[in-house]
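Okay, so chain A shows up in both of these, paired with chain B first and chain C after.
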Partner chain A sequence: MISLRFSFFAQCLLLLLLLFACSWISLFSWSVITVTPADALHALYNMNQDSIAQHIVHDLRLPRVLVGIMVGANLAAAGVIMQGLTQNPLASPSVLGINAGAALGMASVSTIAPWFGLLGSSIAAIIGGGIAWAFVMLLGSAWRGGNEHGRLVLAGVAISALCAALTKAVIIIAEDQAAGVLTWLAGSLTDARWQTFDSLWPVCLIGLLGAMLIAPTLNLLQLGDDNARNLGVSLMWVKLGGSFLVLLLVGSAISSVGAIGFVGLLVPHMARMLAGQDHRKFLPIAMILGACLVVLSDTVSRGIIYPAETPAGAILALIGAPFFIYLVRKRTL
Partner chain B sequence: MATRSLPFLVLAMIGLLIANLMFGAVSIPFKQILDGLQIGNEHYFTVHEYRLPRTILAMLVGAMMALAGALVQGVIRNPLASPDVLGVSHGAGLAAVFYMTFFPNADISWLPAVALVGSLVAALMLWWLCGSHSSTIKLAITGVALAALYASCIDFLMLVKPLEINNALLWLTGSLWGRGWNQLAMLLPWLLLIPFALWLAKPLNLIHLGDDSAISLGIKANKLRLTSLAIAVGLTASCVAICGPIGFLGLVAPHLTRKLVGGRHQILLPATMLVGAILLLLADLVARTIDPPIELPAGIMTAIIGAPYFLWLLLRTK
Partner chain C sequence: MSLSTHNLSVGYHDTAIVKQVDLTIPEGKIIALLGPNGCGKSTLLKAMARILSPMDGQVHWQGQNLHGIASKKLAQQLALLPQTQPIPEGIKVKDLVAYGRSPYTGFWGRISKEDHDIITQVMQETGITELAEQLVSELSGGQRQRVWLAMTLAQDTPYLLLDEPTTYMDLSHQVELMHLLRKLNLQGKTIITVLHDINQAARYCDHLIVMKKGKIVTQGSPDSVLTQRLLKEVFSLSAQIHQDPIAKTPMCVVE
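Presenting the complex of A and B:
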């Protein structure tokens, strides 16, 4: 019988091609100054650019696409790890409160203590996300395991609501910084430059490598906590290590482009449909898919009310929220 | 026993009413408030045009949202349910933002009706997705997911139509800022729903015995359920249309009240209205006086109180 399922490597290759196509389109589409598709390719290897178009591609579009790729891969990997750790198909950074917590940390530092600068606010985002995540895990009885899927999600939603209210309060009280924080909260790649890229890639590399290393253990967790323990998995260390990775991935992504939601929920499911249940396979696929999704929605976000930009976060939420409902409806809770 | 706390609630509400009139960016001494009601007095503008309508509005909206919460919790018998948790408030919000962005010149007095349609659609959507026999958690989680959907649609509309959005933004934070006599007048017809709600108290008690017992006692369980939900939707929609989605108020007030006066709906419903009014008056007072002249929307205050309470309920729900 001829199997219609591609092999793993063929899938990766096809997806990488798709990612390349998305990125290329994103380099030249919807520009006020005409950029031809050829210009986009030229600017990649041509260092002394001779036209404005190539300048735009090299200085604005290229870092934006690269940051989008990394953010997408980060969030997708974080979603896979979270779903693996909690054994909960609804888990993702935005649903379980990490996004809102990181936003709160970021907003408080950049309004109350702006002298901390970019690094300070990244650290604040990671700490804020970590605190929110810890609360959600404790209150959602995630440590007990078992069939408490709904409880964990509701705890995440309540913590998100709390963090969102506090964030709004911080913004309103510290008015002068408000505009910047508000744009950032919507989640947009508009301000991604080479500087953002430089601060993002080391963390991204460590995080994604760590995710690949933890993948085999996540496979064992699928057998249930007790079986995993019998197979020699130290649950506490896996959960701590996994949570740390999630924070690293989400914190770095969020502090560079803002609260982009629902990638972490959407992509792992898509990847699982393509590559099956083995984390070693569907994790890399999820990373590429996440990158495609973010780059694509960033491109769409520029065109939707051209020439003004709609934050990519809003577009992703529009796709992600119905999918969330579909998941809730499909699972028996 | 149960009624003993009612006088205290009434006293607390009157105290808060007076405090709301007295404090703000400028404090007005108690004696001068009554004088402020007369035209020509130095405080006339502050008291009569600004604080008085706002205070009355806070009281009414608090009472109505709490009543809606008590009705929903009464018929669904679900401690985590309330119009805002189930996405009904967000549905109303989405409809209103849609109306404001696409018909910027339209008559604003239609807003409650539009919001009503939005929340009805949201309620039907929930009903369609969940059916009537869902578990507590599933119902809450579907409602929350729907609320997330409406919220992202609202964000999207606001980002796509940035010019028409000033009105919507002012309104969406769940605040009493800038609301006056006009808004109060828009709310008044909806007060007619309150006697209907109170009239349902007795059958609501009976349905707590379980559907079968209630039916054998002559209650039409499904009809009661639909009536109560419809009234709750109407109450919520009218409040949301005027003040924006004030989160968690409909969830918290009925619970607090049940602790104070017990579960008999004849007492529970009026007492819930008192507690809701007290909570919103308090939230608005704190929101206005915490860091004047900046105002925090009251919706933020209710969320800061309400979200931890929701978590606590969640922990206790089996």
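Presenting the complex of A and C:
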């Protein structure tokens, strides 16, 4: 028991170190104005007001990295909760239509009623994601349980396609906003600033804490609905509460940086491989891994066609899509 | 009086499988639910364990409607071992058994000393102590059945609802299980179990409830219930009733 606990904390520690390394690299790499690794550290704790490089790190890079960390943790946690609630290994915000729904909500508000501002679009993202998720659940009859994994995923694909089409229609209607919305649809951290950070962290904190609290219950859901209920889990409340957390986590992430996909699908599986099936262990691991993955993709996204930026969402799709195919092939749905 | 059904109808997708059943479970006994396949034994058991919601009527626990009782509190009173169990991936035997303590565990699933003692005890009783570190998914059907049974026992409830607990078990483990049920009964537990082996039911249970097509045909002590006519009527079997030479309980021999 002692060795087990040690290995868990050692894993967490190593991953946190990895996250720190990724973040640090992200702070100084691929900049038009040369930023040295030392500049990146100085900007954090002992800033030289005259150094342009350090100003870049502090004003642009640091909020970007911090937002990336939170977005990654949010999406990974959302993926873990969704896979736990549906008992479906393919469940994740992007596959089950939440991303597309949130994007639709966000695009509608930012093109049709831009005066709502950031808070308005966050709420629109949460509502849009919520409606899409509810439709997917109803169409996929996920609440009934049983082995209807394929049906749920098909429903997700259908709703995603519908939302994407509507989003495009919205963009065509409001042409002048189109360029901004398109970058945002692919998911990019380019526009993440301290303002984004300020509006994201409170929701992120609540969402992640909520996810940790629900972890022991998710453990019982893996035994099937009947056993969970028998062990005193109130399924309706857990599923409602879990869905609400997912919407909070995904909605806040998406309204900050756009529809970044595949983190929620990929990371829970990686975390399970590292930490086993106990949600109390692999959920925190997934959060750190998700953060690493997003920060890393953001860094790479700046380097690929330097000095121009590719959306980080595109990089993640490049890794995520083959993994999705692998999962589909590995499990008989 | 503790567990009873009142005009209870339950089923799946608008089709009632259990129809208007009024039943009071005699407390402190081992009760067998008997009947042909599809007669509603499992459905009745699931309704009594509030896994299925009634379409009509009610299940009462100590005079209170089952669905009005807090889930966690009820989980400390009734435990169900379902007939078919999933095969969870990547979960160790000892962890699965420990999940049986969930209705009692503290904040964030913390296991206390007392929980730990109960887990150790039920693993001994079900003979799975040496399987503790193995993955549930790697066990044989009979071993896995004993692990699930251990989880149910870890719930430490005064009422146990078991749906064909002997499934997948070899004969010696079946006999061990029936002896364990007797022992638990002596400790004061009421046990309601679906069984297919009529002779096993007659030998080890105090009270038999016979069902057919969603209704209760008859109930009572094995001696009063098991008759040639009943076997013909419920199971369409021509059989004779003899006395078990050892236990002196009724025993049916198919003609």
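What we mean here is this: the second predicted complex is superposed on the first by the 325 of 333 C-alpha atoms of A that agree within 3 Å, B and C clash if a C-alpha of one lies under 4 Å from a C-alpha of the other, contacts with A are read in each partner's own complex, and residues count from 1 in each chain.
FYI, a residue touches a chain if its C-beta (ideal position, glycine included) is under 8 Å from a C-beta of that chain, and two chains touch if they have at least 3 such contacts.
Predicted model, so just to flag it, every value in this text is computed and none were measured.
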{"item": "Chain C versus chain B, contacts on chain A by residue", "value": "B"}
{"item": "Touched partner set for A:Ser234, first chain B, second chain C, both or neither", "value": "second"}
{"item": "Touched partner set for A:Val267, first chain B, second chain C, both or neither", "value": "neither"}
{"item": "Contacts of A:Ala321 with chain B and chain C, given as first, second, both or neither", "value": "first"}
{"item": "First, second, both or neither for A:Gly276, with chain B first and chain C second", "value": "second"}
{"item": "Touching partner for A:Asn219 - first (chain B), second (chain C), both, neither", "value": "second"}
{"item": "Touched partner set for A:Ile304, first chain B, second chain C, both or neither", "value": "first"}
{"item": "Common interface residues of chain A - those touching chain B in one complex and chain C in the other", "value": "none"}
{"item": "Residues of chain B that touch chain A when the two form their complex", "value": "80, 129, 135, 137-138, 140-142, 144-146, 148-149, 151-153, 155-156, 159-160, 162, 173, 247-248, 291, 294-297, 299-300, 303-304, 306-308, 310-311, 314-315, 317"}
{"item": "Footprint of chain B on chain A - complex, ascending", "value": "90, 139-141, 150-151, 153-155, 157-159, 161-162, 164-166, 168-169, 172-173, 175, 186, 304-305, 308, 310-311, 314-315, 317-318, 320-322, 324-325, 328-329, 333"}
{"item": "Contact footprint of chain C on chain A as seen in their complex", "value": "213, 215-216, 219-220, 222-224, 226-227, 229-234, 272, 276-278, 280"}
{"item": "Chain C to chain A touching residues, read off their complex", "value": "46, 49-51, 71-76, 79-80, 82, 85-86, 88-91, 95-96, 99-100, 102-103, 105, 108-109, 151, 155"}
